[in-house]
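Paired with subunit B in one complex and with subunit C in the other, subunit A is shared by the two complexes that follow.
Our next item is the complex of A and B:
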């Protein structure tokens, strides 16, 4: 067998690294081909469709390409509203989740009793699907739901609102529910970061005379930078993909106050059959995701972490 | 400047299952102003716990810690006017060297910014790290980080310096260099210092006074030479000195110490120091054993060379009483004195150099006599 391989190698004019390339092909080629076709191929096809102006029944016309779809966007109030909502959701959800997660992590890190129980409780919502959380929270928000009942119970009944109907509260209601689901994840990321800070730093800061507040503000939290960056990227990507959550809560038409790009895209493509316009919105969404991931991936690559 | 005093300081840790562990057991120590005290002992002997109690990082279970006469048991670390250097250096990785060194001043004093800058720069110049002030700790070598950690302590101008095995992360050569430098620095600053180490060489070379701890209990406090030549007990005798003292279990028969392999005759004066103790341990430092070619004395024994460790300046010669035996004891001889493995030599154990301990309690009953009856004074 070996002699056979050696004689093949002798016949083969390729260098050793080239032959490694071919010999290893069966291991990586099938997966690579599938990813190329179904991920990058689909993205590419979607980009092409966005240039075609395809709508309604019938087939896309691949001979005439136009930027019309992208030109329409700024003047489409629905698109602009959902872009605004997407950014608002992105910023508010990510920011508040990080703060809540950090707060929980700092509390859980103080060697409390039943630490692992608390950790599990906080992390559990993360394990639920968006569909479950959405249904669960729409019950909570319903009139006579848990939230209104609680407000009434503590004599703050005048505060109760039509949370999911009033355009002023819709998006906020969604953001709060998402924060509930993801702050546990932030807590775990921060907890891991906190655990990697040596105890000596706390002690050195105490000897240096730092108050607890200063200790966290100047010594501990700055050292959590990489945890923050990592969690931010994950949260932002989730925020862009919050489609299923809003779809389950409101259907395809949540109204301008709670519309986000993912839902608009779905509605344009699959309800209105504006295929090209839907594809163009998808490209915008993709570009947003890239602007979030890109710098992160680049810095990680620079640091040799990729 | 001030003096620090520990009175019967005790630390008891209570485990989750209610078990109590006494880490430090009634330790009493006094460190005078400007004195360099080294706390030394094997791992887990309670030396770091003692230091951490002084720093205020551990509570004191019993006893009192006094700084300048006032009890500081319950004072916060920041209120104690101490500065500490950690084994890991504990530099804040996100801050520059300058920020690391000024942090303590910013947090614990109301010093104006310009003064902080000046203090930090002075200390950095003194330590030779003034060109590193804008670098981050990760960009520094171990030795440089060590200096930054020292600098952070120095700028505080504390009453007491606490150093927790500060040299253990350095390589051997740098460690020797930093040892001298630390000593010089401490002398220049004249601040009372407690230095924790498990390395008896550091203890011997740096200390004004050594405190030896074992199992949480203080074994002996004294100058390095006192601890070396007049150990209070078996533990101190075996811990201080490298290679360590040779010990032989002996029984007393009148004025003779009887071992399985030899008998050692004592003079009446030496025998009288032993009281009524019969089960004893005979100790002799390796450098006090003389190797001779002829047996001309009652304290000379025929031995066989098992292993020779040449150190250059001296040879460590491992000897046995019996050519086939594996029980060795060690003699240190001049490096130019050549001996062969397997060779038969006469080992002379001079009586003025022997130590005798009570076997049960370990207490020293008789220590070596020194030529000058008192400790050698520094000669100018």
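Our next item is the complex of A and C:
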């Protein structure tokens, strides 16, 4: 902290007097220390553990470091399948949630009655735990559950499947449920974006004689860029750690077709006691998250949004 | 915006065209309501059915014959102790992380801009990191501290402290964006009168922060109540299970009894659903940062 203070003084000698700085320390230092210890200390420790080769009972040996854990990843078919599934989940879940959320926002934003009731209902799944939603959806997908019942009811019974048992549909079933849970979040992000577009932009386009479709495509959607970016970051990072839902539905071993890195990490570390390998998979997840958060945090900083 | 498009349709379309347009709009909105509520609806109908009614009727059908509240009683007695544990964890966790967030956001306004940005970038990244990246060290750390050996409830305390630490970043960011909109003249004047930072916080900033406390408390309450991963890793003694863990265990032991599972899911979700219905606006605010 001392060196931080010195660099602050050197760079900006006139602002924030020393007495203010010291007097303010009791306010921000305890929380900052807690975050540094629990978040950043733990991340660093996890990286170190991933180099130790620690497995089984006992404690890690911090004198011998090896890259073995990372070396074995490409030849581990489970890891590679998880990586593929993670990317598939990330892309499909993020893309569809954004489109559905934008659709909801455009519908809700048309000066409708009971707007707040509609909004409340679409956002409701976000207030529920994944344990709860996974249990609801297990029943939705069951052989006598709502989905197959509806398909039978409209004469499409031949479409019904063993949604959660068939490797072809498992991951898709998870993605659909997660889109249900998160599209309401996208809706409120887009609604906030839509309401910040100045009214005269619509007026100008109308005077130019733009059709409704053109109005949306040319004027409105491009102005929602920052909403899209913000929501995309949140959704993609969530997709990386979508552990709870899959764990509650399928347990620690969802099979190659629905395994994702977050679940593989937990299984390796906490079920098989392959602690170092689990830690290494966690490092990969962390690195993937950084490639998403890094550019976002940087642009926020550049825009002065921090 | 809607007015402009409506004006336009009035100019080009006939009155009936406009009406059809509105009917289609509300039709779409209601169909979506059906889709969004269907998992809850099928859960609710099933939770009130006897095993026989569950087997013989479709989940669409409301429970008319074979109505029972037994699934609720079974699930309720299974989950009761875990609900108590969840409340014992979530209340201190939400209050303390909100308080820390407020103090930190206020304290940082007195720190040089570069120092502020440094801390904020750290906090912003901490909101997003995948928790998998800290699970193994977290378990190591708490087994070294060993609160669970000191007291049978130690694990629950460990989990609460962990939630406080991981809740601070988002609470700080929420409070900071709020404090940037506060009128600084009042604070500056108090400062010139020689008031200490602590006094200014207590007398001026804290009372003005109440709306933001509502937002952060609701955000944290929902997050911590719904958490599963930290609880899964840190709690090993069944008597310390929080409700998400116990619900998962209930699902495992009642694998074929969907009625009890659905009732259990509703019971576990009830506190967050209530908070959501009562404080929907604040909930939405916390989500959009």
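Here is the rule we go by: the second predicted complex is superposed on the first by the 285 of 306 C-alpha atoms of A that agree within 3 Å, B and C clash if a C-alpha of one lies under 4 Å from a C-alpha of the other, contacts with A are read in each partner's own complex, and residues count from 1 in each chain.
Throughout what follows, contacts are C-beta pairs under 8 Å (C-beta built on N, C-alpha and C of every residue); 3 or more make two chains touch, one makes a residue touch a chain.
These numbers come from a predicted model, not from an experiment.
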Could you check whether subunit B and subunit C clash or fit when both are placed on subunit A? fit
One more residue to check, A:151. First (subunit B), second (subunit C), both or neither? neither
Touched subunit A residues, subunit B compared with subunit C: C
Would you sort A:73 into first (subunit B), second (subunit C), both or neither based on which partner it touches? neither
For A:124, is the partner it touches subunit B (first), subunit C (second), both, or none of the two (neither)? second
Does subunit B (first) or subunit C (second) touch A:88, or do both, or does neither? neither
Check whether A:219 is in contact with subunit B, with subunit C, with both or with neither, and answer first, second, both or neither. first
Of the partners subunit B and subunit C, which touch A:229 in the superposed model: first, second, both, neither? neither
Between subunit B and subunit C, whom does A:204 touch in the aligned arrangement: first, second, both, or neither? first
Between subunit B and subunit C, once the two complexes are placed on the common chain, what is the minimum CA to CA distance in Å? 5
Does any part of subunit A touch subunit B in one structure and subunit C in the other, and if so which residues? 203, 206
Within the complex, which stretch of subunit A touches subunit B? 198, 200-201, 203-211, 214, 218-219, 222-223, 225
Given the complex with subunit A, which residues does subunit C contribute to the contact? 1-8, 25-26, 28-29, 32-33, 35-43, 46, 55, 58-60, 100-101, 103-104, 106-115, 117-126, 128-138, 140-141, 162, 164-166, 168-169, 172, 196-198, 201, 222, 225-229, 232-233, 244, 247-248, 251, 258, 261-262, 264-265, 268-269, 272-273, 275-277, 280, 283-284, 287-289
Given the complex, residues on subunit A that touch subunit C span 4-5, 7-9, 11-12, 15-16, 20-21, 23-32, 34-43, 45-46, 49, 104, 107-112, 116, 118-133, 135-140, 142, 144-146, 149-150, 153, 180, 184-185, 188-189, 192, 194, 197, 199, 202-203, 206, 212, 215, 230, 233-234, 237, 240-241, 243-244, 247-248, 261-262, 265-266, 269-270, 275, 278-279, 281-283, 285-286, 289, 292-293, 297, 300-301, 306
Please give the residue numbers of subunit B that touch subunit A in the complex, ascending. 55-57, 76-78, 82-84, 86, 88, 90, 92-94, 103-104, 107-109, 152, 156
